[in-house]
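Some structures are shown below for you to check.
Shared between the two complexes below is chain A, which pairs with chain B and chain C, respectively.
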Partner chain A sequence: MQKGRPIPTLTPSMIAIWLAFATVPLWIEKVGLYQYLGVEILIFATYAMAYNLVLGHSGLPSFGHGAFFGLGAYAFGLAQQNIAPDLWLCLGVAVGAAAIGGALVAAFISHRRGIYYSLLTIAFGQVFWFIAIKSHAITGGEDGLLKIERLPVRLGFATLELRDNIALFYFVLAVFVVVTLLLWRLIHSPFGRILKAIKQNETRARFVGYDVWRYKAAVLVLSAGLSGLAGGLFAMAQSSAFPDVMSLHYSGYVVMMALIGGGLVTFWGPVLGAIVFLLARDVIGAFTTGWMLWFGLLFVILVMYKPEGLGGLFLRPLSARAR
Partner chain B sequence: MALFEAHKLHLRFGDRVVLEEVSLSFETGKLSGIMGPNGAGKTTCFNVLTGHYKPDRGHVLFDGADITGRSPQAIARLGIARSFQLMNLFDEFTVFENVAIALPQTRKRGRDLLGQAYAEPALVAEAHEILDTVGLGARADDNAKALPYGERRALEIAVALASKPKLLFLDEPTAGLGSDGRDRLAELVRRLKGQVTIVVIEHDMEFLFGLADDISVIHWGQVIAHGSPAELRANPWVKNSNLGKLA
Partner chain C sequence: MSIVGLLPHLVNGLALGLLFALLALGFMLILGLMEQINLAHGSLFALGAYFAYAIATPRLPLPPDLLAIWAAVPLGWRFTAAMLLAPVLVAPFGVVLERMMRRTYGRDPLYGLLLTFGMAMVLEELIRTVWGTRDYMLPVPRGISGGFLMLDLIWSTYRFWAAGFAVVAMAIVWVVIERTRFGALVKAGAHDSEMVRALGHDLEKLRVWVFVLGTMMAALAGVILAPVWGIRPHMGVDAVVPSFLIIVLGGVGSFWGAVLGGILVGMVVGLSGAYASEWSMMSMYLLLIAVVTFRARGLFGKKSVLEA
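What follows is the complex of A and B.
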């Protein structure tokens, strides 16, 4: 960031990406895909952006983020079935539950860094996953929490039904727009720049007076809360919540999305990563059940030859122009 | 009056004693030096004084308050800054942002999640003033890692100055510099002297003896001599050591 140059809240690339997404329902079926895939892509793009706040912007290698996504999914369903079937309330509970989970984990791991931080995130992720499987009476165990409804959006003056995938897509797009705007502001705020400083040099950040562990804890809570929001949307989209999303391999998916897309170097990298990941699942998956083998190879090649990810190839010039 | 005092500091790593009964005192407004051979415990001493290591015994007093065992960030907020022997910058930041992130105004806005960073004109002006002080005003928009070595050393000092310290610890600021770079740095430290209390660890005896008001010699983790540069030149141990020959 250069001296005192203000960062615009809206950038041309931001508006272009939102508009491009807004056209998806118009052509996605014409290219042989399906409307629900668009919903999934947006949910996972939101999740990957939330995750990248920790990995890409703060340099904290969390490998247990599935726990927060899953907490959000379960919290959304449980709130709907036990408190009130109100969309805003249920999404709020999803965010709150995941943020509390994040705070709990952060309290134990924020004094750690590097490999110790990573291992502890895996361990906590496994603890949440195990609890989800074993708490059959609450979560439905391996059978999952079923009969989660797609609740209508009550705006006071109007009510919008989300049963249709296209309607749900535009609701999720609205959430995605808000989340990307907030994250854009956040990474350019004093808080965001301090995180970036901590990512580069934790020791120096401490010696200029920053309580590093508080910032590391705060960003994990924020990221967990937004991951929980994505999890809540996913539960609504799937009409169910399963422990699978909390497993280690699901946590690995979001890491791959962030890295393949170029989350380490570009703001939009995780979105690109989510698109590539889910398209690979469906397109390569149409030819072979071993799609992950080919996707894994792509991951290996990228890490070896282009560690900044696809974003380094395609999105970096866009990000540079946006600034 | 002493701004900073260390009383009988003792530290061991495993079975190796690295600091033994180290007592130091730094007067307000003066430039104090610490010298000693490689491995003598000078940087370890700095690390204890600035909170990186907690001493096993002894006390550290700053402005009359006991700060022993406090964290580096708590000590930094009291007004003690340091530079590092090995370069310790925010390499992905511009030169400007390296300084701006260390300003107390940025620290105070650390909970601002949505506002614009470095938006205040006063903050920008202050960062530029510090960069001008160390001779980096024209490099403000350059990336920190693109700077030549000597200018990175100057930026190290600028980052430390940004926190508006009452006491500045400089750990081997001339390390790796050629004679030109060393002369520029000596000029910078000379200008800072009087504005802020400075403590310098230095191997370059010409640099240290030319600037310091008083010097402590550390060897084997102990303070073996203390005095003005003239007194130390006459000290038998210093005279017989390689350090004395260099001075």
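What follows is the complex of A and C.
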């Protein structure tokens, strides 16, 4: 724990990343891609950042985060159709529902760590996935929850429509900015320091006198809530919510994203991971139908030879700061 | 529902439980003896089923004449051949997987988990590429297919045969790990690897054999369960979750824990199927959560890598 220099709220790299994203709609179509991909990348980058709060910053290898993302997506759609079609309200419900789901899981597993934590999060993830598939009347089962609208942003003084993918992109970017800023503050706060201590040595953290259980539960609830936020955005982007985002596959994908980009060693790793993952899906997918075959192999090779992820290769100057 | 009414569900649950135990056994071997979580276990299980399908139906990449000769062989022989050959054909995948996992030994167990998750995705996609996304059914020889009447109820003959196969396979594994020198060495290696090395045993080679045994068990489970559950690309993921669940339930590193865990899961699925068949597969997760809440290490668990 380095003392002295306070961690700035805004860093040059942070602003550079935000600005770089802001230019995406200007050139993404010129390089042969499409606007919706940008939206998807930002949503999954937000999700992966939220997830990494658990994996990278607290050392808790959750393998069931799809449940929270999915809870957010369904909650967004259901709130819109049953409570009121207001964007802020629906996103709030998405965060709340996912956080409650997170609290429920946390109550059972926060005394666990390591692989046990992974296995139990898989089990809980499957329970949520199963409920989503079987509750036909509420979630539409495997057909999904359809007709979710892209609600307009009401700012009081103005109302912005999000039907256009570019408009939605900038809205998601705004959410991304808020979330990353929040996470940055959070992990450099005393709370974040304690998480880091738990990651390094849980037993020692406990002996020093911290109520480790409470911190582990709190971080899962936070991470789940933010994952639910990303899920709500995804439901809006897709105009529907499906159970497959809650499956073990998708829960694994977000772990892959966080790890590929180097979430274990750098703050921005998950963002890089989400970009690489979704670009690979489209680029490899353009050549072959079985893109996961090749991407999975690349991932396995990465785990074997470069377990700290790409972040360790490309983000050196950044990592020194973010560590 | 009276007790008599429940009986068929109990019997079916027991038969299903033995199949679940068989499914979990390969996973248990690799976890209990090598302290490695093999999330690709389900994919090896799926490969076993697909290979068995290719051998038994028969859809093999052979010259047409040879294939015609093989197709003329009675199904009973083809099914037996599938049961014996499919595990052997899947074994090399296990060897490759073990070689890859070597790089993760001694590191955070998370990396082993991630590596095998990646391989599970790769194998699932490989299956989709080779066999497509459609469902297949492994035909069962006439002698052991169909159903029979007992107590005025219709029972599936194959389920009982499958449960019998499962018992035989489990007995073989038990003998191998509890009654042979190989088993003793492997268990000693899991307990104190330095000592086993110091005594001059090649632990690397032993680990490969454990992995091969675990892989073959997974594939054999795939063959035996294929006629019951059907063959489809995501059967691997459908299978790996119950297997780890059974191990966590029974306790890591315990053979009888795995067997009992499997039977418990089978019973719970069978009984809940009697009341709410739609939700029966969920009951096992609730069982797991209930057991693990009160008994942190499962029923017969010892301290293990899971708590690292």
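We take it that the second predicted complex is superposed on the first by the 318 of 323 C-alpha atoms of A that agree within 3 Å, B and C clash if a C-alpha of one lies under 4 Å from a C-alpha of the other, contacts with A are read in each partner's own complex, and residues count from 1 in each chain.
Keep this in mind: a contact is a pair of C-beta atoms (placed from the backbone, for glycine too) under 8 Å apart; a residue touches a chain by one contact, two chains touch by 3 or more.
All values reported here derive from a predicted model rather than from experimental measurement.
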item: Touching partner for A:Y215 - first (chain B), second (chain C), both, neither; value: first
item: Which superposed partner A:R185 touches (first chain B, second chain C, both, neither); value: first
item: Which superposed partner A:H249 touches (first chain B, second chain C, both, neither); value: second
item: Residue contacts on chain A - larger count, chain B or chain C; value: C
item: First (chain B), second (chain C), both or neither touched by A:I115; value: second
item: Chain B versus chain C as contact partner of A:R204, first or second or both or neither; value: first
item: Chain B versus chain C as contact partner of A:I194, first or second or both or neither; value: first
item: Touching residues (chain side chain A, partner chain B) in the complex; value: 1-4, 6-7, 182, 185-186, 188-194, 196-197, 200-201, 203-204, 206-212, 215, 222
item: Residues of chain C defined as touching chain A within the complex; value: 37, 100, 103-104, 107, 109-111, 113-115, 117-119, 121-122, 124-126, 128-129, 237, 241, 244-245, 248, 278-279, 281-282, 285-286, 288-289, 292-293, 296, 305-308
item: Touching residues on chain A, where the partner in the complex is chain C; value: 61, 63, 108, 111, 113-116, 118-120, 122-124, 126-127, 130-131, 134, 247-249, 252, 255-256, 259, 289-293, 295-297, 299-300, 303-305, 307
item: Footprint of chain A on chain B - complex, ascending; value: 50, 71-73, 76-77, 81-82, 84, 88-94, 96-97, 100-102, 104, 106-107, 109-119, 121, 123-124, 127-128, 140-141, 159, 162-163
